[in-house]
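What follows is chain A paired twice: with chain B in the first complex and chain C in the second.
Up next is the complex of A and B:
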């Protein structure tokens, strides 16, 4: 009797709530589950074409006297990849959150600033016509060139939009799409002209963590550490910008200056990420969407959550890329080195394959 | 620091090459509610923006709380005057509290950290508009009237002695219009906030404003108390409408009963405005096609209140 009475008594009060009231607990739930996800993933770096137990993987990390082979595989290759994935995903998620506030548009993402395409184009052109004959040769030169390319494209977009005097969001979007389109064409033409290098270059356009080294990881995190103060400064600026230019001005903001700072910060984040792994798509668009419903649009809560979820997304995609490609199928197809190919499948492909349908589901449930 | 007094003298401003305001004077006396009225495209919103330095003035001066705005930073202006644009876009997934906190932008430190005083002001603003029960609700889930109060709280959180409101009653039903206006009046009377507001409903302007300024084609054509600024003659000339005006039996404010629309005549052909200002030149053809583009882009402009259409009247050369 009591068992049936209790729910019926409780139900009306629950449904009588006037309208959806956001529960702050949900924000923490998102953050906590992302964190758990990251921990699980980092333990799973032992999983791959050569299997390690989590214990062995950890041992390889902390015990330098452990079997050399395990150490090399586990720490140098896989752990570096996981750490790289986390940094890249966090940067892309954070920059997506900033850009969606800046453009007052939930469809904004790093790719509409032209920065992604600029970094990819610069890297591809440099690898083809510059000094380096293979991707490995250019551990730090290529990321630097790509970063410069990303900033260059972002600056070009900003200047082109500012020619009319003001950089309102619509002009910025149009110019970003324009600049991005031109740069994507340059990338495509360069790849066509690059001959043997072509297959490796294609990975740049979809984003891949193959070839990650600790040197690259260190470079990325140095960049992110330098950008962190800028991100903190950008939070209140972007919050006010999201209310629209007129209101922002009325609230005491120097709108053009604020927009410049926020754009520079997000361009920096994107350039840093893309320079090491290529044009990983979707994270910057999807991660802010996944988190906004739980944390709300206030960037003080939204940005950290988007960064966490972005990190989880890229780490998960790379995990899938490393482990889920059916090696037997590749062998059956006549691929000579199925393990090598499987580990080289770009994580970006899985992000697009899995991210797109999920995004459609999310959009159906999102109020506009 | 600032006393809420605003004095605009011979202000000229516009958008690009189009001059909207032609030597406009505006005097918002401390403690009063000043209403800006006038037909579409007369420059009411533009005047508010020029006074807040949202758009540059080409000549004239605006003195805000004893200092010329030319020498004030955006932040300093925002501490003296809060400007609420007409029907601002409501960002999704932002709670009332989070929205109102943005009102402290001009007061907080470089990293945007809110201090105890800021939290107190945010709470005070939300209590003044009686939204305490909605503090953690998303603004875009509120009803129109509640939402307008949330925007008002944002402006109040700026803690300025002067509040400039561009059509604070747009899109509200008549009950919520009165609720908003009564709230504004009580803020004016009890919190000593000086108010300038653009209103389209002349009866509401007559009832809630101490002083009215009528603009037409970027010029002040009348300025005074409700009985001085709202006359049959002025309404015919500048709004193109035949009216009967009578005192409200309870409040004694003028009540305007529209009778029929008339073709608007050129102001220069029939002399002077009620306050003795000689009106020259411009015709009042209100909106022209060019308006729609600007209002679509800016979002907050009230369908051509910026008088872009005046280009046409200048080209006509119609007066004389």
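Up next is the complex of A and C:
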């Protein structure tokens, strides 16, 4: 097995790293990340340009006197987006933590299970061939379809990995990447056939919180609430799986069954998140990685911290996407309606811009 | 005396099995080409096809439109499919053997997405080309991506690391393409249409110019790849064994990867990022040959690649005639699942090695 920086718990104390050294950092990380999340939240909510969304701008045009209504609309849209970002980020961070334990590999992430690509592919296919004329039209059907697609892809990965006998982390990773690649190609093919909807779909595949409504937020949190018991069940299972198959078996765990449960749970989390905002990448990879040092690899401590940091990351990225894209730069690029576009740049772009270099850095560090 | 592994044991290169498989595939390709030449908008008879091919003057005077169809539309398209598929088949063998990875495929390593990104930029902002051919620009971008991959991989220990890097590169460059498209000014949206054609490979707009820009790369790169066969065989055994066999593994790997990119770049530039042929063809070739000797696998894999792409294009052109489905759609929908099944069936030991 390529033990690329397995979770620290897996490594026996051969390196003689003193465990207590981590203790002060733990509380710090949790506090700091929640602080970051809160700061972002308040800053975002407080930043006071009125014409934030195209919808609000339109209302302002129709009824220029009703300042209060504009305020309410703007607030509502903004708040819904923050709450959505937090839910999505938490789900992705948590599933990343579970998956890194499951795969015994600190470089694993939700996108290598194929689940992200499955959810995106299902939603894109549905929107293209289901006759919808815009993403907002089918509020609750799209998330359901996407979730089903995500689960389908996770199942396909599991079955494909089992074709050659039993699953093991290596096979799961390889098959997940392959399944994900095929599904991503299907998405690309479908977008090609989607005509006018194409631009909107392309934005969605990168992960965008534009068009968030309270209905969607409610749906997401319902889904997350349903998944919480599963996550709690998965925590001890994944903790043992992270020790490696032999040790897990020796400890009396039904390895295949446990792996199925953990995979199902993390697939559910990813599918729930992706189905509302599209294919946001790198959160599930970076958030658990950032927090592992502070909390240790015990998922009971690690997973909440990863969820918290993930939430902060997505909220921050969306904040940046929304407020910090310099309109002058867009104008210079020759973009028409830079105001509208600036509010619609997908948050996923900023996560990728920061996430990819970070990934390269941790890759170099984890060279064994 | 214990038997040596099959790849090490000296065997005569032109085995009977190789010959049978190669001849069979060639026959398939020729048959499919003839079928392709004859069918379409106007169906031609056998004699019309041969006349159009071998007696251009007579054909032009007797049946000008059909001759035009056959000589200037169908023939270059078939040739492009064969050249492109063969390039991808060889590139797949090089990538899989030199990286010791069953999933080493230009698409899964992120190399196709890099190329797509370059094409997106070039399509929407054509002035960045400043006269550089797209082939060369794509090759340069791929080489940069390849260097990133190699520099973070370090020594090849297991198949996982490189696959994860590929996944990250894929995600990153897909996002960058999105960014370029979203920021495209309205007056340049024709560029987006052009880009879309590149997102999924299609042979619909192939001209003789495309064929002549692809062919030299293949002609130069394939003999070089065959020369690299010994290095590939050694690399399959692992870096230590390769070193013991007198090969500098890292240097050989870099040279081979550049070669693989030189094989994929013209295909991407002219046909588009055709997915999964480079992944599947080598696996099928090894299965047909029951051997993983690189040179033989390359020969069969190139023929298989040519057959796959030609078949995909035939399906796309004629199945729903007159509606045209890009060849890339069929490679994704048919070859993708086949690859999942074929790679998934391998036992862990085989996947790891």
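For the reader, a short list of remarks on this structure follows.
Note that in this section the second predicted complex is superposed on the first by the 289 of 368 C-alpha atoms of A that agree within 3 Å, B and C clash if a C-alpha of one lies under 4 Å from a C-alpha of the other, contacts with A are read in each partner's own complex, and residues count from 1 in each chain.
Operating definition for what follows: contacts are C-beta pairs under 8 Å (C-beta built on N, C-alpha and C of every residue); 3 or more make two chains touch, one makes a residue touch a chain.
For clarity, every value in this text was computed on a predicted model and none was experimentally measured.
By the touch criterion defined above, A:113 reaches neither chain B nor chain C. Of the two partner chains placed around the shared chain by superposition, neither chain B nor chain C is touched by A:275.
Contacts of A:235 after superposition on the shared chain: chain B is touched, whereas chain C is not. Legend: residue contacts after superposition of the two complexes on their common chain; A:249 is shown touching chain B, with no touch to chain C. Applying the stated contact rule after C-alpha superposition, one finds that A:160 touches chain C and leaves chain B untouched. Between chain B and chain C, C touches the greater number of residues of chain A.
Of the two partner chains placed by superposition, only chain B is touched by A:292; chain C is not. Contact with chain C, but none with chain B, is seen for A:360 once the two complexes are overlaid on the shared chain. When the two structures are aligned on the shared chain, A:170 is found in touch with chain B and with chain C.
Residues 168, 170, 367-368 of chain A lie in contact with chain B in one complex and with chain C in the other.
Residue ranges on chain B touching chain A, taken from their complex, read 49, 52, 54, 73-79, 82-85, 88-89, 91-95, 98-99, 102-103, 105-106, 108, 110-112, 136-138, 140-142, 158, 297-300. Residues of chain A touching chain C in their complex: 1-2, 4, 105, 107-109, 111-112, 156, 159-161, 163-165, 168, 170-171, 173-175, 177-182, 184-186, 188-189, 191-192, 198-199, 202-203, 205-206, 281-282, 285, 330, 333-336, 341, 344-346, 348-349, 352-353, 355-356, 359-360, 363-364, 367-368.
Within the complex formed with chain A, the chain C residues making contact are 102-103, 105, 107-108, 148, 152, 154, 157-161, 163-172, 174-176, 178-179, 181-183, 185-188, 192, 196, 199-200, 275-276, 326, 328-329, 332-333, 336-337, 339-341, 343-348, 350-352. Those residues of chain A that touch chain B in the shared complex are 19-22, 24, 104, 106, 168, 170, 232-233, 235-237, 239-240, 242-244, 246-247, 249-254, 292-293, 296-298, 367-368.
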